[in-house]
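Handing you this structure, nothing more for now.
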Amino acid sequence: MDLGTVVGWVLICVLLFGSMAIGVGIGPYIDIPSVMIVFGGTTGCLMVGFKMEQLKKMFTFYGVAIKPTMVDIPGTITKMVNYSTKARRDGILALESDVNNEDNEFLKKGLSMAVDGNEPDAIRSLLEIDMEQTSSRHGGNIKIFEQVGGFSGAMGMIGTLIGLVAMLLNMADPSAIGPAMAVALLTTLYGAMIGNILGGPVANILSIRNDDEMMEKQVILEGIMAIQSGDNPRTLESKLMAYLPPKERKSQFE
Amino acid sequence: MDLGTVVGWVLICVLLFGSMAIGVGIGPYIDIPSVMIVFGGTTGCLMVGFKMEQLKKMFTFYGVAIKPTMVDIPGTITKMVNYSTKARRDGILALESDVNNEDNEFLKKGLSMAVDGNEPDAIRSLLEIDMEQTSSRHGGNIKIFEQVGGFSGAMGMIGTLIGLVAMLLNMADPSAIGPAMAVALLTTLYGAMIGNILGGPVANILSIRNDDEMMEKQVILEGIMAIQSGDNPRTLESKLMAYLPPKERKSQFE
Amino acid sequence: MDLGTVVGWVLICVLLFGSMAIGVGIGPYIDIPSVMIVFGGTTGCLMVGFKMEQLKKMFTFYGVAIKPTMVDIPGTITKMVNYSTKARRDGILALESDVNNEDNEFLKKGLSMAVDGNEPDAIRSLLEIDMEQTSSRHGGNIKIFEQVGGFSGAMGMIGTLIGLVAMLLNMADPSAIGPAMAVALLTTLYGAMIGNILGGPVANILSIRNDDEMMEKQVILEGIMAIQSGDNPRTLESKLMAYLPPKERKSQFE
Amino acid sequence: MDLGTVVGWVLICVLLFGSMAIGVGIGPYIDIPSVMIVFGGTTGCLMVGFKMEQLKKMFTFYGVAIKPTMVDIPGTITKMVNYSTKARRDGILALESDVNNEDNEFLKKGLSMAVDGNEPDAIRSLLEIDMEQTSSRHGGNIKIFEQVGGFSGAMGMIGTLIGLVAMLLNMADPSAIGPAMAVALLTTLYGAMIGNILGGPVANILSIRNDDEMMEKQVILEGIMAIQSGDNPRTLESKLMAYLPPKERKSQFE
Amino acid sequence: MDLGTVVGWVLICVLLFGSMAIGVGIGPYIDIPSVMIVFGGTTGCLMVGFKMEQLKKMFTFYGVAIKPTMVDIPGTITKMVNYSTKARRDGILALESDVNNEDNEFLKKGLSMAVDGNEPDAIRSLLEIDMEQTSSRHGGNIKIFEQVGGFSGAMGMIGTLIGLVAMLLNMADPSAIGPAMAVALLTTLYGAMIGNILGGPVANILSIRNDDEMMEKQVILEGIMAIQSGDNPRTLESKLMAYLPPKERKSQFE
């Protein structure tokens, strides 16, 4: 589990609910109809705006957000350079057993195509389609979280307006105005909280995780192309190192 | 009918009108002049900003939004691979009868061009123009729904300002201030509801439906190109599979 | 005249001024200094931000907005296919008289270059420069209308702040507060009305008209290229048909 | 001096200060600490966000904004066509004296490279780098003026919040509330004025001036390439005319 | 240290805290729970939205923001031209000692590849990957500062809503309303200050520093390519000069 993301959520909740508790207590901040308007309304907007199959996977994406980074670019570079060394020494067919033991689906597919003797252009084209489509699918899912903030903010404002109108029509008892207005404001508060806790930052981290995955796939693609054309493993390593920040560039040949 | 979209709308309406009913009742939230300003004003802005032929089709687009996804990428892949197998075995002319029975206009056009012996570049160029123009037409229509929110929000604000000015000029009777302000706020409420129920989320789902259609057309385009150049059906299937998420990739050759 | 655009403007004005009239009458909504601040201030911002020669043509652009769509893509396709048929039958020089009778400047220029035997690349390059520059000039003009909303909204807010400060300094007479605040709000009202009636929607329709013109020019460009290279008129028609929505594709060869 | 820009500024100032003067007089709108917060704070934000060497030239850019358009595309076209005619008649070396008398640095550089017999690709590459870098430098400077509005608006809001808090803590004397709130609002007023007078519109006109300069350079670049390859001056003129709006296209050969 | 950036921060702080001190004193503006909500909440949002390894380096980036510009394009051009002269006179191997003494890692890597006789395409490809990845890493870091403003503004608004609700529920004692509202507004004030002091402008200057670094790398890349292909040093200088503003172009050959 990615501690940062989880600790971040805990921190926000402790601070916000803590500050409520210290003030007038958490009780007055809970109003079931308001919760239903904002949560339900946001859900409704998402159901109108996205396909059910995307929304069903929404909780999975929260899981992706809190999973620690699985992408290991230096490790992938080492692996690609090792494959390259082996292919150069023993021929590309020597990689057949490695293909079968490979976990990464993308690398397995690309490498097996190379071992099977497909044209470089065909391999590159297939892997690039895979990358583009994966990134575009992820982008579609990330958009859910980007929209959450807009929808919840709008539902919060609609709820507040509904409450304000009701309050303005019942101003006979001045002592009721304050509490009525307090309740009206709750939906705006819920909307802002949902958007900034469950929406925006999640979209952000998912987008970073997608970029990481795409970079790993780019490294694999470059590696397979170099293996197939029989490039020098040192040259390949130099090139792949350029994907890393200068400080992390440690050659295995030194 | 796409249950998700329709259920979403029902959910929003039940929640919002329900919360009004529970409070002061739905009656006070209905003000015909306010409805006319926001609905009429938004319609007016759309009439200035778009061509009549686009607006006339606006209700059709709501229909598209609630239609379930018709695009079946795995099915399209299977079909393209079958055509490819047949063309490879019996020659491309063997596809002539399939062309005549094909429902998908885009596939029919492309395949008949291939069967008629057109140059690959000519086929690709024509199909790509079709895709670009279709996507650009859809984009123009989607923009209507994107603008709805902006226009209705602005009309809501204008209505509220008109009401506020009237209220401020008539503050002799303090007991009338509340109700007058309540009415003034109604246009803002209507504007926010129109924008977030009939505007934004609809633009979003229409954009997703367009992306789906474009992906299907891309698969068809790649398939026709491969059929014409006589590629191996297995190679074609591998390539087209890259358009699917890994879990949905099921080869018909296994 | 494009009825849609004009009816849209009339509709908005009838609704807004009607709702004022029904309430406290139109009179209280008219305040000459406020009108001057918002109209004059917006004009001032436009004068700072654009070249005089652009602003002088601003009223012409309102004319373009209300002119009905002049672009007739199906007609243009028919014409290009006819030229193509004639050029193929009688040679490209047979189009010389058509060039002289042609009204469309863009088509005339391109076709005369083809008849004069210019290189295809030279023709394409010249026509593409013309398209890019025209579209970029239009874009510059459209930006005026996009900015109108921003400038008028800002001027409205500035006017309201000026009025609010004045009101806050003169709160001795409570009965004067309401009317003073009403007047202060008028500039915000004017700003929102200008932006959403004379700004945003106009920018939108002008942008649609530009897209239409560019599509016509693209069809002409493709047509001229095909005529010069002696393509089959049926092939040309197929290709140009791809610019139309499927329902409007009616071949003249059937 | 570009009258439009200057008149625009004068118009805005006359209207805004006039409307203050007519109301409660200009005096109450001037509050030195508020001026310092907004002007100083905006300056501070600019100093954090930009390099000193950019800010030092900021006043020069105001000068560029009010300078009349120096770019004369028709004149530049005439000049390029004349050079082309001369080069075709007497050889490109005949342009040597023209190079020395040329004022435009960009044209001088490009033409002298052509006269010196550099490769066309080298000339194009150098001139394109010059154009890109110039445009990118200008873009960096324009960003200063785009940010001015954001920074001054934020500083205005911060100032108002500081003032509101102070006011809310001192509500013992009700008669002081109005004036205190008036002063608090002044920073918001200043922020909006700075952003919409010294920021946004200036960024806009500078961006237009940059586009004009880039178009002139593009015409020069196309001209030099044509001169070097010995193109027909009439063909060159036709091509360069495509940069002009149709009405301004007047050939010197007719 | 870059005086401009530091002076800018000092200026803002002096002005804002000074204006507080002059008014009701700094004390009333300090509220520890409010500070915690905004600072802590913003930190929480950043922890959810970014990877820990990015956030850990956040303070380093503030260091980059205040470091004076290290990039010296004219000096880099001089160096590249000198290398070019030497390579042309004594052969590219003569640069071997220069490579070893070179501080700039990017130049060192590229030049050593050239000296080692790598293919020009391989060198260009590697250096371009390095540039793209560096710029994309920087962009990811800059996004932290862009998001700070959004997150802190949202947390400020949430804090104010929490405070407002508490205040509205406790309106029995009218004299407590003012101070309670004052405290509620503090979080909005903090949010705006954080965003506009520690967020936006920092993102801006970091982005400028990245552009400068990329321009230097581009000059180095062009230089190495020219050195390897044995171009004339004067031609190289002319080309690299095009990266500078006209006034700074001073040839070392004159």
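Going by the order they are written in, the chains are A, B, C, D and E; count residues from 1 in each one.
Here is the rule we go by: a contact is a pair of C-beta atoms (placed from the backbone, for glycine too) under 8 Å apart; a residue touches a chain by one contact, two chains touch by 3 or more.
Bear in mind the structure is a predicted one, so any value in this text is a computation, not a measurement.
J.: Check every other chain and keep only those touching both chain B and chain C; list them.
T.: Output, common partners of chain B and chain C: nil, no chain qualifies.
J.: If chain A and chain E share one sequence, what is the angle of the rotation that overlays their CA atoms, in steps of 5 degrees?
T.: 70
J.: Can you check whether chain D and chain E touch via the same residue numbers (shared by over half) or via different ones?
T.: different
J.: Would you kindly tell me how far, in whole Å, the mean C-alpha position of chain E lies from that of chain C?
T.: 40
J.: So what's the Cα centroid distance for chain A and chain B, whole Å?
T.: One centre to the other, that is 25 Å.
J.: List, in ascending order, every residue of chain D touching at least 2 other chains.
T.: Touching at least two other chains: none.
J.: Spell out the part of chain A that touches chain E in their complex, as residue ranges.
T.: 2-5, 7-12, 15-16, 19-20, 22-24, 28-29, 65, 69, 175, 178-179, 181-182, 185-186, 188-189, 192-193, 195-197, 200-202, 204-205, 208, 211, 215, 235, 238-239, 242-246
J.: Taking the touch rule as given, give the residues of chain B at its contact with chain C in the complex, in rising order.
T.: 33, 36-37, 40-41, 43-52, 55, 105, 113, 118, 122, 125-127, 129-130, 133-134, 136-137, 140, 143, 147, 150-151, 154-155, 157-159, 161-166, 168-171
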